[in-house]
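So, here come the structures, one by one.
Next, two complexes with chain A in common: one pairs it with chain B, the other with chain C.
== the complex of A and B ==
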């Protein structure tokens, strides 16, 4: 069942069309990654879903049309994490930042404390709770922004280049954690990125180019289209690119996403 | 332009209750006309180091000498210094404030050399350096795509012809084509315009292709530094300090662990593929004989 559907989306900046009759349906509990090069329309789509840009479209989220009347109720259940968390911090400590939204909803302090403990544990933020979020490094700030979104237990989590400043190792750990979260709580994840390495735990990968869906498929089979991805300027995961080059010399016979399995395949 | 750190330490909220040590006893020399990379896990002090190099923060202990400038000197003239040292922040395009690309790029030159009558030709020259033609001058910087915006931001730093270019995560948020173009541009700035470039990044695959030297930081201290080949040869040390390892090096190490075969220095993926192919062919010949 679709938790989000966009029909006939048309949007333009001045005279330039970003979307012209764009359609998308996202299943409940799925993890969909929408990837595309700079200028593909990713951030515009996030802004439209967040109600920050007005568009002509028939958008339904949680079976309710996205309009002025339903905006508050819909937004209440979507967690948005943007690429530049600096713009969102309002409190002097990470702990207060995490508590902020729930305090405003009148949740009991003890419940908030417990939730902060749980979320901090998931994202390894325990040591940073007393720090000022503005004093943290870029990657730490992004983790706090993600934690703030998880505090509200959203039904849909929208990530707009949300792991950009986090280093590869930590990013992989966070992606694994999010996958568990996605499975256990049936949270729908909609991830917007230009980095296909971030799509490895997705159920579905959509490639957006100039406002049009160019590729839409299940993961990882969708990488059979890796040439198209590269042509429009996307960086294909290292293991996929290496597999493709080794296949040309008949050193391996199929693509591998995992480097260790790929090395075993080379020297089997 | 050489950058020297002499026993430098830095703390945020120095001598306050919530003092946070960011860098400890750093002794480093970034040589002229090379590309240097600084890597390390999040919170290791990378961006702090860049802020110290531009005089945005001053060390709480030690001395920083950049070319002819000693940043610790009393009554230091930062205006002159900033003309020679260009800093490109993370997401520099988010600081645009002019209506056109031309005005945006010319801004620093108007401040530093108000009497200069050739600003327009200088703007055209730096736009060319970053791969943008004259038609961009009248365009709004806000209407450009991510890669173009980044290049305009770099051009607005290059206008004052800095000898040292400091960049914080220059490839962040860029797609592959924009990233490759930026890497080519940085190489060109080093070889054709003799710039010293210092890059902080976690994009270690990009770094592996373009840098000469690397500094690895962890918890505010230097773990290892030097020529990239020596630094990246020590995979265990990098992993122990949660520093990223280039994928080419990672695969080489896996092959070595599995087969005992050392493929030698491989600068990129194409040379890795060639080395694997040739090694496999040699092994086949040996086993046939």
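== the complex of A and C ==
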């Protein structure tokens, strides 16, 4: 069942069409990665979903049309993490930042305290709670932004280049945590990125180029269209590329997304 | 400006002033502000200066942070001094006005160094909550006030980064001066406009304005809070009594 559906989306920016008759459906509990180069329309789509940009479209989220009347109810079940977390900090300590949305929603302080403890543990933010989020490193800021979204226990988590500034090791850990979160709580994840390595835990990969869906398929089969990806300027992850070649020579029999597992497969 | 303690920016801490109940802190702030605006003699100024120094001590924030930040806007004090003198031709009144502005800036520094944005907004909201009955949008106004205070900090930070980026491009780095001001005014206005629009969006996205809002940091009213609010009231009585005598 679709938790989110966009029909006939048309959006213009300074007389230039970003989306013209764009359609998308996302299943409940799935992890969908929408990848594309700069200018593909990823951030615009996120802003439209957040109600920050007006568009002509028939958008339904949780079976409710996305309009002014339903906006508040819909928003409280979606966690947004934007590419530039600095722009979305409203408080002067990480702890306040995590509490802010829940305070506004009228959640009791004791419940907020417990949630902060849990989320800080998941994302290893315990030592940063008293720090000013604006004074943190890029990666730490993105973790705080992600934690802020998780505090809401959203039914949909929208990530807009949300792991861009996090180093590779930590990014992989966060992706694994998000996958568990996605499986256990059936949270739908909608991840917008230009880095295909962030798509390794996705169920579905959509390649967006100039507002048009170029490729849409299950992961990792979709990488058979590697050439198209390269043509629009997307870098195919090394593990995928190597797997493809090893498959040709019958060294392995399936695509391996995790580099470490791929190494052990070759070693065997 | 002190780089460790930027102008009007919250400094984390566990001091008695930091842990004050938000509503009591705003009431204290408003009473003290009103008193400073109303006083008009050197004795009262001295009394309130001593009182603010006493409060600064309780914040456990470096005294130099207050001093350097308060003195960084010396042009404003000079401006007020000159304007009042030109209008009234009374040198005493001009000096008093300049000092009053210095005390007001210090008072704002105490509030902003020890209170986070959300607490300021919450404190104002709790103080004026009764006005909601006559349909005054208290939440919106409180947030507006808190944003404006935070906005001053943003303006200072932005102007600093603009000056730096100009220096990187080879524009001579002048701390003060008309030429430097002229170069900065357009980017500062443009960035400020963008920042204010962004903040409104952020607040909307983060559900601000809900009437059922709670406060995570709801500190209980302590006897210290009560005393701190009482002292400026007593000082006002004392000043009035002095005037009668």
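Assume the second predicted complex is superposed on the first by the 244 of 268 C-alpha atoms of A that agree within 3 Å, B and C clash if a C-alpha of one lies under 4 Å from a C-alpha of the other, contacts with A are read in each partner's own complex, and residues count from 1 in each chain.
By definition in this document, contacts are C-beta pairs under 8 Å (C-beta built on N, C-alpha and C of every residue); 3 or more make two chains touch, one makes a residue touch a chain.
Source: prediction; values computed, not measured.
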Partner chain in contact with A:52 - chain B first, chain C second, else both or neither: second
Partner chain(s) touched by A:109 [first = chain B, second = chain C, both, neither]: second
Partner chain(s) touched by A:215 [first = chain B, second = chain C, both, neither]: neither
Partner chain(s) touched by A:92 [first = chain B, second = chain C, both, neither]: second
Which superposed partner A:101 touches (first chain B, second chain C, both, neither): second
Chain A: partner with more touched residues, chain B or chain C: B
Touched partner set for A:267, first chain B, second chain C, both or neither: first
Contacts on chain A seen with chain B and repeated with chain C across the two complexes: 131-132
Chain C-touching residues of chain A, taken from the complex the two chains share: 50, 52, 72, 75-76, 80, 87-93, 95-96, 99-109, 112-113, 130-132
Complex interface listing, chain C residues touching chain A: 9-10, 12, 116-118, 198-199, 201-203, 205-210, 212-218
Complex contact set, residues of chain A against chain B: 13, 36-39, 83-84, 131-132, 135-140, 161, 164-170, 194, 230, 233-235, 238, 241-242, 245-246, 249, 251, 259-260, 262-264, 266-267
Of chain B, residues touching chain A in the complex: 12-13, 18, 20, 41-44, 46-47, 90-91, 94, 143, 145-147, 169, 172-179, 202, 204-205, 242, 244, 247, 250-251, 254-255, 258-259, 269-270, 272-273, 276-277, 280
